[in-house]
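Down below are the structures I want you to see.
Next, two complexes with subunit A in common: one pairs it with subunit B, the other with subunit C.
Right after this comes the complex of A and B.
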């Protein structure tokens, strides 16, 4: 019996393979986008957790309060006093495709249970220790370090983007005389003096966690998740459309089955089995596509996270098959949500229900009012979150609520716009066209909402990225004041370098800095000399009239925007600095792309308070025409390796390439979302086309040819798309403003000026018309080619 | 006491933990190192310091202690030096410290490792100082030192002062370890009296007693057939001291030698063939059967001593593991001392 019922139900798909394909496509697309994006996020989080466990392993650490290196002597004094600590050297090696983290450890004292101790098999220790000790790296990381080829020992499952070595090897490669920090072993001996009496400059820092990195990269992942969610919602719109269509078209079959005595329950069970099978197939397909998508996007994402945050992320996916199975689950849940409505109707359908045209029933003003009410609630929630809450999450609630509200308002707005158009139109065909369009609205509204979301996201994110890019490029132009940047290998060479450059350049600007903790978070402290080029080139967001003069006089400090926002500091505030002194904030500057707080001090204040600053970087002012000569002279006469000299252009190019890569993923997701919205429109139009015959037949009978009707269908799709786009534009601009003024500030600590790019809108408008047009061609063509008998039959079936 | 810990342990181990295996591979060859020479005579205080031209070396203190009620305690303090290369540079030395207390409530031990050249471990001859981290054996000279070590569970602080000379072991300090001639330079200070404090989980205990220092250095691993080592040092009631070791050899049977030290410190070597050191009773320790009672017999000297572990569970579960604890002597002579057994 069940077999017969199933055969009867499934015959539908055999007769409409295209519909089947659409359903599978929609469901797989939704699954693919969702699981692909989640795969990227999960992979990144996994890498953060690995990195955190390697870096900390749950142990507290001793660090210099002023951020400097810990002298070997201090370490020995601690051990001799009974402090069980183990040294760690932490730094970065430049490598192909971005820097690589180098960790130097001490095999003799590394506490068991640390991530490093767990990562390195003790049988490797002898290879690590001694002059020319080996470096451990995973295969992918090893290939990025060809210069160290002879010293690398490849370990298959080591954390990506990380190299492990003995402390002496790491010190040699990083040119470091001490240790970065000391692990504090969990079991300390019975008697030991207080830390202050042995190492007064050190402080105990609680264990590092994955959250430290997670916090920095949160916004990035939220961004991806939002896109994944949006794509999933849009994909479900397709499924909803297709499943609705299939139910509609199978009404006669269902009615016949009921009439033959099959219970509604059995039919529903059969339909569920059918949907489940489809969901499993589409889900499987979806995770394959999702996997491919994630694999394609991950290298860019990993490179971005490395470049922006120094996070170590795998270039390749390493998630377990079980994780991917979750994707199939998502497909099933999605199908259930999309098909619930249809199943409900089948379950309640009286055995002899007529195949009533659904479109009429759905055109209810009441539904529209409900939606408007929902929209108002969403909007109120969004605004409430924005005023009451704070932080990134409430920012996203605001954005989410606003977008949902906009989508829910859409049918009402379109309906009003169409009503307006109808009033201006004359002639019976015009009147009928608008009335019919309006009456079709409910059936198309879900697809149009999907289109709206896709378009608004496109406009919003596009505007944000373009604004960011324009600001960033302009800012780079100003901020990179020096013409050449050099890094000396040995600080002993500095006086010689200064003397060498004395006559050959206009000025030498030290770019000395120290990494330290400012107000409880990692930060960079830089020093600048007194030179007019800073005042001329460095844009300040807020400044005193004599900021640069004060700085030249050796007082005050500049802070970057993110630090000022985080600590709610303004001009004149006292800034507590490591080492127990304070400086007055005399200027705030923009510092896009930097996840850390930054402080700029007069150079002598920097060196006085932090004698251990890193003095290896210099900027050189030199006229354009002398640049090449000087570079050559630095290499040949002074013996500075070529890779230690960078010109301004190269830095700018590199920074912009990091930027482009960051948003490559956004652009790809943007496009995919729009494509999915196009498919949603197609499926909705197909659904409607088959239901609309009763409405079209009278128009045909009154003399409109099928070709004209087809053309009108095509035009109608374009009009709806155009109206949706018109509404999407302001929504997108508000979204862009929210992203720039709220999300960016919360996520990164900088606010970007908003630039408008009307040309992009034109392209997007054309694209959306194209998508809608493309989606409506097939249904319109079908209508135009429909046998007249079909239309005739409408009248013979008239009840 | 010494040889046993490192020679078999560092070179023959197959059973110890991976880390020990890893680090012990650092010096598997004697190539390039100085070799023990029978013609060498000790010069003090220089020879109290380290001999980086040799591959391995140790400073080894054991003490038999009693509290006011007469309860037995034992402590061990050991510093090993292992060269990673023959160039003798401080950077190329690895240091390992072992410390333990044996008490009625149990055996507590701890271990430290350090690389040389960064000030974390070092030995200087005069004034004498040997340390790894906060563990120290130091004094104006090696005849009068204080010794301290601790872990998160125990700590001891003892003053040692000797009333007798340093005693060369073997033939003028040239101590042969096998039938095929492997040897080390070896001397002892068996005449320390000790007093101080043990800090135990049960509380602080004031103790007094006798201590024994072994100094030994070499470059040669044991012969391939030698599987392990049993060593005993005894303070006898007449003021004499006895040291006996037994290297277990798969091919040739045990290689047993020793030294009889008169109360005035005059050593008399007890040569191979004249001595017997035989296990009498076994006990289960750390999951294996270990001999915890030994008979030591030297007929010519009239020695027939039974040495019995006071705390049979004195297992050093360090990266390189072995048994080390206090013993009580009875039979022809009575007294107390320390037993070490490795390679089981």
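Right after this comes the complex of A and C.
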């Protein structure tokens, strides 16, 4: 019997393939966008976890408190005193497409159970040790290191973007005299002298976790998730519309089924089975599309994460069965959410309930008032979250609540605007047009809400991105004070280089730094010499009148915006620095795109407190016209390899390209959301078209030709899209402000000025008109070509 | 006795006070009997049929179908009764628009699990629908649609067929033909037939006539 009922229910879709296609399209798009984003996030998280496990493997480590290199003799002293420690060298190799992490370990002492020990088969140890020891890398990483080709040994399932080697090999490649860290074996002898007496400069650092990277990249993933969620919601709008309509259209059938002896419970069960089937089909489709989408976007995402956070993420997807199940699950959940209302009504429907498909479409004014009430609640909740709470999550609650409120307000606003137009319009056609538009509004409102969200997200994110690009480019221009940047291979070459550059350049500016922990988080400490170019170029957000003079005098330090915000520091505060000394904050500078805190000290203070600084980088000031000659001289006469010299333009280009790639991902998601909204409009128009005959027939009978009616349909879609866009613009700008002033600050620790780009809005406006126009062409054409008999029939059996 | 209705009362909430539609209606029907139910429009004929079929609850009274009280059944029980023992023909035809004539004809029989015993060609021939089997309801005239509905009702071999103004939407001569067909098919299958109509002319062909007015039944 279930089979018979299902045949009757399913036959509906066979007779309305377009409606079915709409439903499947909406559902699979929603699933695709959602699961695509999830795939990207999952892949990234997996990579973080892999990296964390290989870096730490759950063991505590000994590190230098000042972030410097641990000398071999300290290590030897520890071993002699009975400490079970194993040295590790950790650094970066330059490679094609970004840096690659190099880990050097000691096969003889490395504790079992560390990630590295687990990753390397002991049978490989003999190949690693020795003066020409091999390096281990996975195939993708190996291809990025052509210079080391002869020394690479490819291991299939090694963590991406990482090279493992023996400790001496790593020291040689990184040009390092000591060790970066020491692993502490889990079982230490009880009787051993305290750390303070053997190695006073070392401290115990708890095991690294995936969270360290996770924290940094959280905001990026939260952003992606928010977009996924938004697209999912927009897709569900389509599903809700089609499913609700299909229920309502089939009400007479449901009533007949009841009369023929099918109980309400059975009908609901059959409807659930039907929806489940649709959800499974759409879910499967959606997963495939989502997979393709994720595959297409992942390289950009990986590049972004590498550039922005130094996080290594696989370029290729390896998804767990759980992800596939999750995709199907979300399709089912989405269907359930979208269909709950319809199912509920069917379950409670008395057997003789009349069918009113038009009533479903023409939701009452009361519903609109309810929506407006809901909007007010959302807005209040959003503002409450923003004032009471703090942090990224409440920022997202604010954004989410605000967008929902705007969407819920939309029908009411459109309705009032249309009423206003109706008041102004004269002539019977105009009056009929506006009255008819207003009547169609409830049926279209879901699609228009989707359009609103897509447009607002576009304006908001677009403004943020463009503001960022404008600010960042300008900032880079200032910040990259030197014309050429060089890196020496051996610090012994430095005096020779200085002498060489003495009268070939205007100035040589050391860019020396140490990586250290400042106030409990990883940070960089730089040293600068006293040179007027800094005062002229360095973009300070807050400064004393004589900041640079004071810095030169050695009485303070500059910090970047993210460190200042994180630690709530302002000018005059004392900044505790590794090594147990403090400096006064005398300036705060903007440092876009850097996830780390940064401190700038006078160069001599840097070298005095941290003798182990990395001294290999220099900036050179040289007039534009001499730049090429100097580059040539450096490589040919001085013998510096070409890849150790970078000019300002190349750095700028690289930095900008990182952000372009970040925003390529956002732009793709943006566009997809807009496309989904376009589909929502098309489908609503088409479903409406089939039930609008009783509305159109009288106008036709009173003398409007079908062509005119068709044209009016087209115009109506444009008018509604234009009105929606007009409302979306301020919503989008408020969104942009929220993103720049709240989300960005919480997520990255820096605040961007907002720039406006009216040209972009014009393009977007045209795009939304285009989408609406495109969506309405087919329904309008169908109406214009509708046989007169169809319209006539409305009069012959009006029920 | 197939059907025994006793002391049925039913009212609907009106704008000011309760409107009593059925005020103590009793009737009985034997197997195979053909009874016409007449009455003005709005006198409560449809309400009575709906209550008998378990589509509408009563305020008071009992409906015994084959000795079982319809009013005491739950929704599932009433549905099972309609499925296996009652065929209903509505004024509005109520075919399933997305199924073709062939599928509509056997639909009720399939629900009742009796599709195997339906002789579709013979049924279609007797309904005059042999050429329309692959058509969809919207492509048929009103008379043809009602013949499909009648065929659907009798094909499931119910003990009782109830028809609610089956000719109400048809013109006079088509109505007469449809009515004759219904009568003939009911007699041939041995089903009892309870037919609501406000046409005295049609009612004459029944074994017995009941008149409903002011909530009460008279012979």
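Please note the rule applied: the second predicted complex is superposed on the first by the 757 of 799 C-alpha atoms of A that agree within 3 Å, B and C clash if a C-alpha of one lies under 4 Å from a C-alpha of the other, contacts with A are read in each partner's own complex, and residues count from 1 in each chain.
One rule holds for everything that comes next: a contact is a pair of C-beta atoms (placed from the backbone, for glycine too) under 8 Å apart; a residue touches a chain by one contact, two chains touch by 3 or more.
No experiment lies behind these values; they were computed from the predicted model shown.
Participant: Touch test for A:190: subunit B only (first), subunit C only (second), both, or neither?
Facilitator: Once the two structures are laid over each other on A, A:190 reaches subunit B alone.
Participant: A:7 contacts which: subunit B (first), subunit C (second), both, neither?
Facilitator: In the superposition, A:7 touches subunit C alone.
Participant: Please indicate which partner A:438 is in contact with in the superposed arrangement: first for subunit B, second for subunit C, both, or neither.
Facilitator: neither
Participant: With both complexes overlaid on chain A, does A:15 touch subunit B (first), subunit C (second), both or neither?
Facilitator: A:15 sits against subunit C, while subunit B stays out of touch.
Participant: So in the superposed three-chain picture, is A:716 touching just subunit B, just subunit C, both, or none of them (first/second/both/neither)?
Facilitator: After superposition on chain A, A:716 lies in contact with neither partner.
Participant: Return first, second, both or neither, reflecting whether A:64 touches subunit B, subunit C, both chains, or no partner chain.
Facilitator: Neither: A:64 stays clear of subunit B and subunit C.
Participant: Which of the two partners, first being subunit B and second being subunit C, lies in contact with A:259: first, second, both, or neither?
Facilitator: second
Participant: Check subunit A for residues that touch subunit B in one structure and subunit C in the other, and list them.
Facilitator: none
Participant: Okay, in this complex, where on subunit B does subunit A touch?
Facilitator: 17-19, 21-23, 25-26, 84-85, 91-92, 94, 113-115, 118-120, 131, 133-134, 150-155, 199
Participant: Could you please specify the touching residues of subunit A with respect to subunit B in the complex?
Facilitator: For subunit A paired with subunit B, touching residues are 72-73, 75-77, 79-82, 84, 106-109, 121-126, 129-130, 168, 187-192.
Participant: Applying the document's contact rule, which stretches of subunit A touch subunit C when the two form their complex?
Facilitator: My answer: residues 1, 4-5, 7-8, 11-12, 14-15, 252-253, 255-256, 258-266, 351-352, 799.
Participant: Inside the complex, what are the residues of subunit C that reach subunit A?
Facilitator: Residues 50, 53, 55-56, 75-76, 78-84, 86, 88, 90, 92, 94-99, 103, 107-108, 110-113, 136.
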